[in-house]
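Two complexes are shown next, each including chain A; its partner changes from chain B in the first to chain C in the second.
Entry: the complex of A and B
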């Protein structure tokens, strides 16, 4: 605490949780918050991924049976959702690199918008690739 | 027109912790928020404390958090706000001395660390240290800082880490590192090239959003980051 603060009673309003929750947020803050959340979620997924591969140690049949469950539509949908996290984290990662190493700081809001647009396009494209079998079946091709 | 100012009050002699108090006042839509505070202080409650000097966006005294965002009270008008219930708080994270006045000691201690003065190793010429128009253009934006503290107090990295230098101090580092007359760039880069310096900037852009002088602080920090990284090669 500073000399001035020692002489008179002051109120320490420091509370980073409250500050983060109550302070006004613009695109930059949202990008940072989503980047943190998706980063942590992807780290959690990494452990899940390694766990799901652990059947490799109990032979080919066990592994293939496990992989088959991952191809069921609900799990495929979850995997599609995972792609949202991957997309945001990687596209925003590129945005951050451009901000730090190019002149991106001057266009950070446009970069944020572009990453959303590119992300949504790639998300839909991935959905088409993942569910093409179901889509073709639905429209009788 | 009626507006309600909801002001965070704290009197160190009476209060244990701050509390909110509402003041309904009759103002003109073209009033600045600072004029509204003056009206409260002059007509309703003389005990209200806030900093104010030039009241024209030059001195940087009246940075405060208005509706959850740091700004200068003398630079925003009542009609800038759709909702006429306006919340006014001191800028976040710094200790409150009284009402809207915060203790800026830590802010200026960090400012001192980057050596915010010209360090020229050569003898001064008879007339002046000449700087070309092109060389000056490099620091044109950075010299506009008025040290209001709105940027540093809006930085989530600083909220969680007291020792982080913060945007204002590092902007000042840029101002001298990129000054063609200065000879101490390396000394300053040593200070900012640390875990509590540049590398804790996560490009959240809160500082850029609030700067009353519209300085793109994050861009200036990115130039410093590049300069620090290039020193390694």
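Entry: the complex of A and C
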């Protein structure tokens, strides 16, 4: 075996979880990991979403009986939290496109930071859109 | 070296489609989220859905939305599997499951959208 071949770090497929966890991660690695997790969650949600709207075929009563569950405060809060997944996947997706098509490799770390700032602002804005009626009701408007 | 391992499909088409559908979905998804939540009723009552669905443009956008989302999601899922070295039988099985899931759920969603009736007197709703 040549010298260079010895220097190449290899690892057993058995320990890939451990190896992956021990790997030094920069913003790009985290973006990759979060992009996968949010993507998987959104895919699961899409299936759930089609299933939960399927009562639309059986008319008003069936649909609104089902929707009652989704109008409870904990589930409304979950819908807001889902927006975190949507926002991360959207903004990081835009970042990926910029890296691929617009020389974004030069500024991808800055883009990652901006994504978080824009994401937090949009998350709070959506919170206002979703709960403004409750907020106004609370203050007697 | 890759003579016996590669296929003619480089994945370039799926890569570019993933980006195009992704960008379209950003716009559609933000619109969908705002539309469904700007008032408590807009996403959760039958009247609101029925009223929207009187306009065929909403149906067309929804059909497009669910198709793009399903393609983008399942193509992304396949992208995750592609990161691992899979035996050919496993690869074919996974693709089959993903395609069947995609076709079945898209057909279900189409069926839901088309099942919502057009009302004769639209003034009663608006």
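Basically, the second predicted complex is superposed on the first by the 125 of 141 C-alpha atoms of A that agree within 3 Å, B and C clash if a C-alpha of one lies under 4 Å from a C-alpha of the other, contacts with A are read in each partner's own complex, and residues count from 1 in each chain.
Everything below uses one rule, namely that contacts are C-beta pairs under 8 Å (C-beta built on N, C-alpha and C of every residue); 3 or more make two chains touch, one makes a residue touch a chain.
None of the values given here were measured: they were computed from a predicted structure.
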{"item": "Partner chain(s) touched by A:100 [first = chain B, second = chain C, both, neither]", "value": "both"}
{"item": "Contacts of A:83 with chain B and chain C, given as first, second, both or neither", "value": "second"}
{"item": "Contacts of A:110 with chain B and chain C, given as first, second, both or neither", "value": "neither"}
{"item": "Partner chain in contact with A:121 - chain B first, chain C second, else both or neither", "value": "neither"}
{"item": "Which of chain B and chain C A:57 touches, first, second, both or neither", "value": "second"}
{"item": "Partner chain(s) touched by A:75 [first = chain B, second = chain C, both, neither]", "value": "neither"}
{"item": "Touching partner for A:40 - first (chain B), second (chain C), both, neither", "value": "second"}
{"item": "First (chain B), second (chain C), both or neither touched by A:19", "value": "first"}
{"item": "Shared chain A contacts, counted only where both chain B and chain C touch the same residue", "value": "96, 100-101"}
{"item": "Chain A residues touching chain B - in the complex, by the definition given at the top", "value": "1-5, 8-14, 16, 19-20, 22-24, 26-29, 31-32, 96, 99-101, 103-106, 108"}
{"item": "Touching residues on chain A, where the partner in the complex is chain C", "value": "36, 39-40, 42-43, 46-47, 50, 53-54, 56-57, 59-60, 63-64, 67, 70-71, 79, 83, 86, 90, 93-94, 96-97, 100-101, 126, 129-130, 133"}
{"item": "Contact footprint of chain A on chain C as seen in their complex", "value": "19, 22-23, 25-26, 29-30, 33-34, 37-40, 44-47, 49, 66, 69-70, 73-74, 76-77, 80, 101, 105, 108-109, 111-112, 115-116"}
{"item": "Chain B - residues contacting chain A, complex", "value": "10, 12-13, 15, 17-18, 65, 67-69, 90, 92-97, 103, 105-106, 109, 154, 156, 159-160, 162, 202-206, 208-209, 216, 218-219, 221-222, 225-226"}
